[in-house]
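As written, the chain order gives the labels A, B, C and D, with residue 1 at the start of each chain.
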């Protein structure tokens, strides 16, 4: 076993990949979710159906790692090439998608995501790219898994400055009163510490952490006093096969110009 | 000249065909408008763009006469095969179509068309096929030309029992208050007597008749006291070429199972 | 993704279409899965709620055979001639045949209702319809149409309720074992209609390898994950046309139009062409190879 | 139907894109007509109102060169890496570069706004957006989003106003002399976007005979009657990809990302790759045949 060297980032990717169900149609957003999906295909879900916002349906691993869903090597061997009305509404909005994976650069207590602007919208301290289809994933995605590679508390403010992708807004009851569909809203978050869920109020809380991660590590990660259960489940160590595969895929990603955390 | 034998029906087809502009995208509904379009292609508009409700774009005469727009010999050599959102909304509704041709089985004083039911809707005296896309042509078509092969006053009641395709409803002002777009609504009607227009109130009136058609003929055709101008323009006699072509196309139509008036 | 069950037409009707089923049938006067209608008649299904944009001969046969309790459609006729859909007309005029209820939408409103259903939108703006018969007259769908004020303007906007059929059965050109279905030529409202159905079965002219599907991914009109089962039945859309596969059969449409003018003639048609033939192979055998040759299109491979 | 004018990129910008033009630019991180952006920079257009769903490097260059007064987009970044769109970010953070105004919609709302524009509907229901930044924050399009009550239910429905750009310029795969334009692979929102534009120009990888178009009528994304003029410019979408024609150029995206980190580097990129190259042929010559060979796809003929 050469697993002891698994980095928190690699553990995050493997944990996210393990969340993917080979029998569930999965909407994969850009960036780390795409890495997770490739790892999942190689580990346990080779024929999983994945859809992308531009209308691609992918049912097997593509020979080349796409740099984003719109890198059309993602369409190599696709069984369907349609458009965004299909992907965002006929598949995602209509509930044909059972799992949704969305990178969450900045995420708050209620799972609201900001990928637009930190600080005042018209004069931001940090300007981010904007929503793309991320708003749709947050608004309409079933089985929504948020992904963040950060453990910096600036990535987890109490309340985001701009809600690009809606989580539970001010709480579950607010979300449900504003026309959002039942079954939508974030279900889980995966980050380098472990897995998180959302409680009845729609607040983030840890459900399982990687070996060695402490309650203090969890508390330090979030910009609000996060509620931590008395006991935290511990996620399994990656095995050698898992670690080899995630590293191969990360190497492939690097060759495809992905900026990796250690770079 | 062997034109003297032109029947009123043949004159109607030629008059309708003459209304077609080679430079205008034309939405052609089923039946006699399709015959007119073929005649127009052969006479003066060979490369006219014609669109059909199922999404076909046709820019030249098809080798075989389609029995309806959904007889897919209509798609033979099509430059585009799309769908009904394209045809009815992106082309017709959005005003990309400059002329619209719609058969009007039963049409009233204000150009409202009934192709649904004569008598009470739930217990009709005569049940007709229903609207298909005819409602869209009446509601959203620009340059709308109605076509009726009938000169029987039962085909022209004062007020139709069921408005399948809206004309001016109770009059132009009513139509414009109900969300219909400017530039829509019937512009003309062609029948075996000649050509008709719609006055400022949205009422049908004759603008030109075929040689030999009298004011009494016109009055007898309509189920209300139609307003007839003091002088009626007279349409030209078809020439030999026109008559030969309309007869060839009618023969082709007959071979393709069209029921013709003389059959 | 696993292979989908491949059923015979008989199994499709046995397993998926009980009496009373709400059933959207595909096709818009082309790709009408007439072989499905034949099998529904053979198995004598009753009380169906049928949705079909263009009713055509297919719906006329179901009406004539007394299978339909409710119908949602945009028109019903025999477009060859054209001649009326005689059974449909007789029944609605109270001149014989089993009664049924009809509800109607224009083709555009039907399309937009299916789009709203496919996208799970609460409604869709549609063709201006205020003052028309479709808007004023309602039967079993009192909420089929409505109006809202344009929030960006001041005019009334006609809107249509989403249409979400419980079950859809559609004719397509080809399908793979996974259920990826492709069509060529015009598609009318079918892409939206298929996606609007809660459960979907496709009837394909041919079963092809998935690699064939991958070679033309733009032609996939419905992805495998929307398809529950597959029927492979060549000529299933006869006497309507199947783009690239075969032409509309005008003589057969004329034959049907002629016989169905009377209840007796209709009964004769059903007996000869549906009951006695036993299944679609029997139907095709009765039609004869020469007729099929006349209609068959010899396209290049897509 | 008559042949459409075939323009050079230079003529397109000269004749159709004056200063201040409202301009929708096609592409969604693929089929981005970057060669158009180069020419806009060469001709130093100013005060443009640019609409583009996925801004990407193309919009970043226009921002960096100070051409844009207003931008409507759903995101702007360099998806290779990914790295930020540096000029875009600098300008909005007030750290250098010409200022511009930004208005945003989610990709779904943008798509539905374009669908409404294409269909000339007064609005379209869209993604539930109440409470989000897109809904709460407005700049130069205060009426971009609204809400109505569902007339068939009781919940609020988020709706988007129709988007109807004055002029659209889109990259397509092939076009005939009449203007019939075709695309293969995924099309994102582009079919609706093209139809939403009041005037439309296409930039094609190749000009083909109309018979080629007729052989694949399903691939026609815009009919001739919507197209006003044609530019035939192979590699116009480089460094984004053109399905079936060429791959995304990762090294070039990295180069741009690296240089544009500073205003000086961006100026160097513009000088070397845009100004000095003179036109797209010059750009391709600088890129080099070996690079083009590396990116070129050798597909079967469609």
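Heads up, the rule we're going with is that a residue touches a chain if its C-beta (ideal position, glycine included) is under 8 Å from a C-beta of that chain, and two chains touch if they have at least 3 such contacts.
Which protein is which chain? UniProt says C, D = Glutaconate CoA-transferase subunit A.
All values reported here derive from a predicted model rather than from experimental measurement.
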| item | value |
| --- | --- |
| Shortest chain-hopping distance from subunit A out to subunit B | 2 |
| Between B-D and B-C, the pair joined by more C-beta contacts | B-C |
| Reference subunit B; chain at largest CA-centroid distance | A |
| Approximate Å spacing (C-alpha centroids) for the pair subunit A, subunit D | 28 |
| Separation of subunit B from subunit D, taking each centre as the mean of its C-alpha atoms, in whole Å | 41 |
| Residue list for subunit A, restricted to those that touch at least two other chains | 75, 78, 81-82, 85, 89, 93, 181 |
| Of all residues in subunit D, the ones touching two or more other chains | 121, 155, 157, 184-185, 187, 192, 217-218 |
| Chain contact topology (line, ring, star, complete or other) | other |
| Which chain pairs touch, all of them | A-C, A-D, B-C, B-D, C-D |
| Subunit D-facing residues of subunit B, complex | 25, 47-49, 51, 57, 59, 75, 77-82, 85-86, 89-91, 93-96, 181 |
| Subunit D contact footprint on subunit A (complex, rising order) | 30-31, 52-56, 67-68, 70-73, 75, 78, 81-85, 88-89, 93, 114-117, 121-136, 139-140, 162-166, 169-170, 174-175, 178-181, 256-259 |
| Subunit C-touching residues of subunit D, taken from the complex the two chains share | 116, 121-125, 143, 146-153, 155, 157, 159, 161, 184-185, 187, 217-219 |
| Residues of subunit D defined as touching subunit B within the complex | 1-2, 118-121, 176, 178, 180, 192, 195, 210, 213-214, 217-218, 220, 223-226 |
| List of subunit C residues in touch with subunit B within their complex | 28-30, 54-55, 73-77, 79-85, 88-89, 92-94, 104, 106-109, 111-112, 115, 127-134, 136-137, 139, 147, 155-158, 184-192, 240-241, 243, 247-248, 250, 253-254 |
